[in-house]
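In the two complexes below, chain A is the common chain; its partner is chain B in one and chain C in the other.
Our next item is the complex of A and B:
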């Protein structure tokens, strides 16, 4: 059940480094110089109150927004200014805070999309798959593997929009796994789902890291942060106010207060 | 760490995409088989009226199935499809027309090539596809309502050029005497002979589009329609996909235009106006977008309805208005009770 990562290039560290990121929306400075790094096999938890700029930071690093200032590299190569699909091609994936499963596609198709996208983006920008059957048994079989890895037990033909919120998150996670990314951003994967679902989600996230993926995680619940994270980055009002190993950071009274104070 | 017990409830049933499974109950070959049978039976009898209807059905099938790729699959509501239809018709016409004696219409236009049938058809498709691609470069900067307005604008620009640039294609005077198809020295005279050529063409093209619908490409387009941000995060180059969809759709629309021009032999810009584009979107929404059955059903109804009304025996002037009212009522009722269309997967969002 270990996530098999197919490395894109043989010799790379897989480290994602970002420095001094700034972002304004109109008059509001949302990020005011944020730096950090994501390391393969490690889970880095981003904590802090609502509005701290965590989601915005994830949007910068996944190509959805462009920063006003700062730099970010994956294996030493710039990632800022690339569109999300190019970054996906370079191994960066995301679980959205608002989930975003494809509502009118079946559960199976939701995952097949990610497999199909992964198989055609690398070095084949004009491989559209115009005549390749998008519903082949081979694709379906692969998709079922990802679905069973997350323990999906709904009818695979059900439309995603008819699933519960927790199941949609699980489906989005299966879709993320199908992307075989080497660096993933999980924006509140556990928030708003039942304890049962949360207990499914936690070991899956841990497995991702064990398989060598660099995991960035936004999470409010301090018990999950404690049980999952190697590193913790505490953000508030657009700056990093504390960071370091999980045990160290979480022992700071101030940090606990910010996390628990939510 | 304890892993989740994977569900054993995933049945190894045949893989069917949600889009088609509840909505595509009729196998396509059966549809085509029925159509072919109908044609063979009717050929024995040969009423011109029926063959004319079938020709128009074929042409509109090309238009609706191609628009479906952009609008039903990509979720991009385009109001410029009739423009590509017109470009195909005019490209075919000027490619076919011979430069005649002084005072002849062909002498008064910029370019008349006098090509044979097959090169002219291919030329029309290529020109249509080229325009589709160029238009996609402009319009795909927008999404939603802005995309709709951008395509409206393109439709109006292309129509104005056809209508006002008299030296190009004689504007409102239109082009007449467009040569009918002749293949291997065999010229198609009546509409029944025309059908013999059109049916294989339409069957092939619609069949090919059907393969595209079901392809990985079709699935990527649907993902884009469902949630473009999520689609991009999986690695789909959505603009590139949509651009190709618009290029293919415009090429097929141009083929429909070329077929139309070679069939009626006289064209003027009014056949390719904004109201025709609106009609095509309405037709698709009526039948249902995002699968194959939808456009077939929509086309069938929209082509058959005016004819059915003839039997009611209304005077022509009244009938045209009543027809518009019925179309409008049908659409409004449909949006109310069955927004996904008669045979549809889903109503097309903007």
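Our next item is the complex of A and C:
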């Protein structure tokens, strides 16, 4: 029975540990005590029906929302209540569900902005980097490397707003790579893109994990989850109802039926 | 014909000053998405700081100019930290922020009227030397206005090309993404307001040195800056320059056929025409067909 499955054990051995997170929007309790951990080098997939609280959980852990109750630590240090830019400075990155870019900046500049951010917060947190980042050719070269890593083949001087949806996803991934985060949250990375494009993203996400990054992703596409995730956390109505290794969790018939509609 | 050329030359000199005004306004509007109505009051305030430093403090013009720029930049930074940022944090609508900014402008204007009176203030100067270039005669002050404003505008454009300033431009397009990448939004917002206010102080000091200014002039200068940015195209900084020169030249040339009292109408007419026939501005970005 689903109800007999205990929630993910939230010990302190992971890079990012969250315990007993609660969040309400008015009368609606969206999260009712969610716990878990994200481990370096591991891909953890959060699955469940719409309204399960997955995106809200990601928003809490990336600083977009504040929880009503609970704790979350990154290497033992509290991260709840910090603003998104401070969390980014501490190595937490995010790929938004709805593709986001700087539409009127070029593709290259979109990546450069991520590199400048990383350099600013890692080198001198209180420096605007106005002079130090003046060597734009060096930055452009680095940005091209990231674009090349994701297999980007569009004109780098084109405005981001003119890219197709799939290419905007790739651009977002290039920007995420450029940020060199230690822990990344990917909210439905392949939603709305072709199978071909999705297949291009799988090895890139795997590469991130292999480089020691803790990857958390929300995904409804079960084949994508099966091919990528080490761990699966199943959520429904604001609680974790199942968790464990991907092969184990996805073999639970009830989990597949309730959460994945299979 | 000679008169037209003279008016064109005057327009170009004014255009250089309007361009700086537009760059400051455009930076705030483009990157913070704030219609900074108090910008006009800030412009006037920096002119009066310059006036005080020269007439009461006895400072040399260049030092007083630097003092005015620094003061204006500090006021702009404080304006962001103490006024606009609290609105932003509470997710107050842009319309409400615009009205609040108008309130701030009126408050500043009234405070300045109390301090400096309602009369036009100008830096006392003797008859200015002039230079004749064919049919065109320019005073030394006009030449200084053009040279200083063009130099500052060029420096600002070089600054905008720095990678760090791409964040400033990106900030207006996707604030959340800027933060998620690790950029401190409060710091960059303060930087923009401080820079914009500092830039506005340059033409303010030059106007004060030339024709002078009264404390109620802010709104008309704000209008010029806003029209230049909206007509030129919000998305591209070169458009702000084009808009500024266009407003200035049209204002100047209208005297040729009509009367000086019609110059104020020019800005409105230009804005209406651009909004009706080319809403993305003169140097607007081309959109994908599906964007409409």
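Keep this in mind: the second predicted complex is superposed on the first by the 239 of 262 C-alpha atoms of A that agree within 3 Å, B and C clash if a C-alpha of one lies under 4 Å from a C-alpha of the other, contacts with A are read in each partner's own complex, and residues count from 1 in each chain.
Quick note on the criterion: a residue touches a chain if its C-beta (ideal position, glycine included) is under 8 Å from a C-beta of that chain, and two chains touch if they have at least 3 such contacts.
Since the model is a prediction, treat every value here as computed from it, not as a measurement.
After superposition onto chain A, the partners chain B and chain C occupy overlapping space and clash. Of the two partner chains placed by the overlay, only chain B lies in contact with A:204; chain C stays clear of it.
In the superposed pair of complexes, A:152 makes contact with chain B only, with no contact to chain C. Counted by residues of chain A touched, the larger count belongs to B, out of chain B and chain C. In the superposition on chain A, contact is made by A:162 with chain C only, not with chain B. Looking at the shared chain after the overlay, A:96 reaches both chain B and chain C. In the superposition on chain A, A:64 makes contact with both chain B and chain C.
Across the two superposed structures, the residue set of chain A contacted by chain B and also by chain C is 62, 64, 83-85, 88-89, 93-94, 96, 100-105, 109, 112-114, 116-118, 120-121, 128-131, 133-134, 136, 139, 159, 175, 179.
Touching chain A in their complex are the following residues of chain C: 159, 161-167, 169-170, 173-174, 176-185, 187-188, 191, 235, 285, 287-288, 291. Within the complex, the chain A residues that touch chain B are 1, 62, 64, 83-85, 88-89, 93-94, 96, 100-106, 108-109, 112-114, 116-118, 120-121, 125, 128-137, 139-140, 144, 147-153, 155-157, 159, 175, 179, 200, 203-204, 206-207. Taken together, the chain A residues at the contact with chain C in this complex read 62, 64, 83-85, 88-89, 93-94, 96, 100-105, 109-110, 112-118, 120-121, 128-131, 133-134, 136, 139, 159, 161-162, 175, 179. Residues 1-7, 9-11, 15-19, 21, 211-212, 214-220, 222-223, 226-227, 229-238, 240-241, 244, 345-346 of chain B touch chain A in their complex.
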